[in-house]
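Encoded as structure tokens, here's the structure I'll be asking about.
Going in written order, the chains are labelled A, B, C and D, and every chain counts its residues from 1.
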């Protein structure tokens, strides 16, 4: 087994300490940080994400894996930054104005981070201005909005309209999700994607970024 | 003043839909006195409350309530319970909630006079105390507004006061995702029970002052979050089953400080609470599938004194508006239960409900009458909330283990592994709450404002 | 060749959900062999088929069928029936209906392989023969297209062939509004039966050629139109009850020319047909409230071999898409029936279903097992369709009168007046069909093209 | 009882022959045709419509009443036309393209005619052009569209858009109804009114005409 595969294996098993050590060893041996990230950490996580999506793995197991990945990432990240490595993509997430529901959005954040995306979580009850500010500040590739109430889902449209007004709409993809949200509603309000659950959110984001 | 239950009111044999130990009689409606009644719930269709004139919102509620009452009359239903679940803007602005409550109470009064439809109105303000992070559970404007909302709705014609309180949720949200039993106990029985005591003493006082009924609460944000995530395959079902058992300890507090039932529909732990308290309970099952899917569609009916649809948007289905469709389904479900009960065969139907679901899912399994009695006994065997939590978690695990070994319960291999893991965790729980709190408190300090639970920030 | 029934297959004691005299076995699915199975139905959300690319429409069907099958698997349901009800553009354009059929059959095959979910696919082209006024029932392009649609869907993977045929509707639409019993008989048993014979001989032939099952029909456009108008208070319920009884004569023709069941869900007359033919039937009740409200939410369950939701748009409810919600409700309903049957107590549950509704509405009253047997006997006591119609109408009126006088049935004064009126009308019906036809034919000549029913334009 | 009340009473009872005779007598005595219509025929029908709406009367009973009213109308109508009397209002009705459902629309026609409106029934499966032609030809005050299928209800919007394009929208009020139609959908597509059933359709039409 090569170094990369070894890292991926430890990540898959959710062994934080072993993953960290393997990354350390790989970097010491001169393996490029980018390959350690992609062929080691992310590769391991991808196997897990696929298993999770097909119902062969539970979230707590995924969380352990995410922990192992994070342990490795901490070593790799500074090197990537120094090398001006382009991250996979950045996603800004938030539950819309008037809505306190947290957990669905948090699940999406976990899955996206696990897949190697930078995630900026704005929390719940996020007003239009806060979304706009974050988009102007963070330049994300994707903004994800969550709503669990029929009386807050309509604010998703407000955000999309505001993006248009500020000429930001072309620069960021918009995905939406939550109990009352349907694919149909997503396209009606002009979102680019609809994630029916956390497990598919990653696929939706990846597709959107590939289609750019 | 909290008066702790130390014995059961109803054993497995006495547990039955429509029959409470202490029925509730009010305004010509009898709950738990032999018949199951529909409890109808609804929410607005997609729309912005902020951008809609109050008159339009009120027109919408008028339309919904009128339509569901008309259907009930049409089907010959004689008594119903209607729930008005306040949305956040209606709770934050108590006069708004008050005015809709008054509107609905008025419509119900009209139907009482003109069609003889007996009814009660349950109001459920939303727990706006989580608007801050970490939530401010005691101090602060939200707590004031929440109680003001109860007061105004009570005076405006509500009969039953309820809430889906969220104390402890800042911990359990995380604990559920990690399938962390210790976190569940900390959030649910340590934080949750402390918050229930604080909040429900206040609600009971409002009820006393306004001549209304302090009905009950639910650990919806804990138990149903776990159930829904388990249903999506995100977390083990055995874990969700244990979570459900533990939530009973938290919801029980409302009744120990004076709530009188009917307990809130989405608390499936109500089965256990009915055994302990003998008070009437609202339950929801297959006819609440519009609001959420579940593994307990029939078995929940075993304990229903009210039978609810949980929530549905006021949108058009082919037959009519969705709340009307729900009313129809509830009425037929209730009729069936009442026919069986009327023939003295309620318990037979109850057992069929139970057999329908219990073998297929651990969350259903622990809701079979025998399991419910065992869980209830575990709780009343202890007085301290933490010890109750441990006792009921241990008992839930035992029941699942027994069900599995006797092949009364189907569990996948992965579920069986998790059952073993959870078994291990609960067996190593400290017996004393002080020790447990000392271990858990530091883990959650970024998420919880301990002062808001009356817990010192450091020991 | 039509072979007329002259005796009953199942009497009141033998009539039971899940149990047919002649069960149907196909593709690993057993219908009427002891267990009730869900039959799931759905329609598109508001959209224009003409303006939507075929690919998008197919994607929508893929999404719906996948989602309902996933839910069935999730709940441990082992067999289901899926109905694809073709919309008018899909029937007028047979390759379009074929391609969606093939898509759905493919998804069902996948679920059979990957999850062990057994299933049958029912296809129901729409009766496009009414597109002309007066409708062209035999000659003309529509009849050709309709049969072509059957043929193509059958070859594309359908298992069960059904239709809600509309022969006679050009008369009954008017007759229902006027509460005109004679018009109902003329439209339903004179025109309707003639059309059924014509159409079903052709469908049976298609089934034989394609190795599929000619399942059954429903007088939906007659019986359910009356039921819905009665529910809205537009026409007397006693009239709608008589209409229902009469529709059984019409729907029976399909089985007399070779249909093998399961009968189509929305034909409540299926109860009577099950008694006569012993073939399995699909029924719908409270869990079809999404599609239409009804006074027979529970009692319809007495006879269900398949239990259906009738129709629901693919729109979002809080729990998920509406067809998934329906699947969940059907599965729980079926579980309850199957648990009772499994304990040998199916008949007890059946009687509760019956007692739940029978006393409250005449349409429910005539669906109680005893009434069903009596109506079925009245039909098989005659061979001529018209005389069957008269016999069953008379029997329905007798049953209602008896129910009223024994206080088994509640009827308002206005309903009682109408019962008397109808009693009078049926007692004066000519005993001979030739005389009756001669009297009625001129009245409807502007609405009916008699040649299309094989009836000479003048005698 | 005066002549008008007598006519109204016969109409209410559904006595065609008596209603016809009473109208004949009233006209012979010099009663103005307009009063015979309004205070006699329509007044009688209004009582019945109210009873029907509140569930105290069945449709077959209303049909008998409509027959009595029609018998009287046949005598009054030529006089009204000669006197260039403005009718109460004219309504064009149809079930939209692709939809063969007839009975709901027919009920609405019956109730409107009973209330004294002129009704032009275009039948079922009515395409946009046919609606437009009828509106241009008949100059109705109201056009009513019915749809029973989720896949045909969308054509209602097409008709409304076509009305706008031909500058006809301001000249005619639009009402819609049918099983899949909601109040919400009606306002979304820009209809002026929504009739949840035949009994309320008359009220909706009256309200729209009063609000002009």
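What we mean here is this: a residue touches a chain if its C-beta (ideal position, glycine included) is under 8 Å from a C-beta of that chain, and two chains touch if they have at least 3 such contacts.
Note that the coordinates shown come from a computational prediction; the quantities given were computed from them, not determined experimentally.
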item	value
Each chain counted as touching chain B and chain C at once	A, D
Longest centre-to-centre distance from chain D, chain (CA-based)	A
Whole-Å separation of chain centres (CA-atom averages), chain A against chain C	50
Between chain A and chain D, centroid-to-centroid distance (C-alpha), Å	59
Interchain centroid distance [CA atoms averaged], chain A/chain B, Å	33
Contacts with two or more other chains, residues of chain D listed in rising order	150, 180, 185
For chain B, residues that touch 2 or more chains besides their own	43, 45, 313, 315, 318-319
Touch-based graph of the chains, sorted into line, ring, star, complete or other	other
Chains touching one another, given as label pairs in label order	A-B, A-C, B-C, B-D, C-D
Sites on chain D touched by chain C in the complex	55-56, 58-60, 63, 98-100, 102-103, 106-107, 110, 123, 125, 149-151, 153-155, 180, 185, 197-198
List of chain B residues in touch with chain D within their complex	45, 63, 315-316, 318-319, 321
Chain B-touching residues of chain C, taken from the complex the two chains share	43, 71, 74-76, 231, 285-287, 289-293, 295, 297-298, 311-313, 315, 317-320, 322, 324-325, 328-329, 331-333, 335-336, 339-340, 343, 345, 348-349, 352-353, 355-357, 360, 410
Chain D residues within the chain B interface of the complex	150, 179-185
Chain B - residues contacting chain A, complex	43-51, 87-89, 130-131, 133, 173, 176-180, 225, 229, 232-236, 313, 414, 418
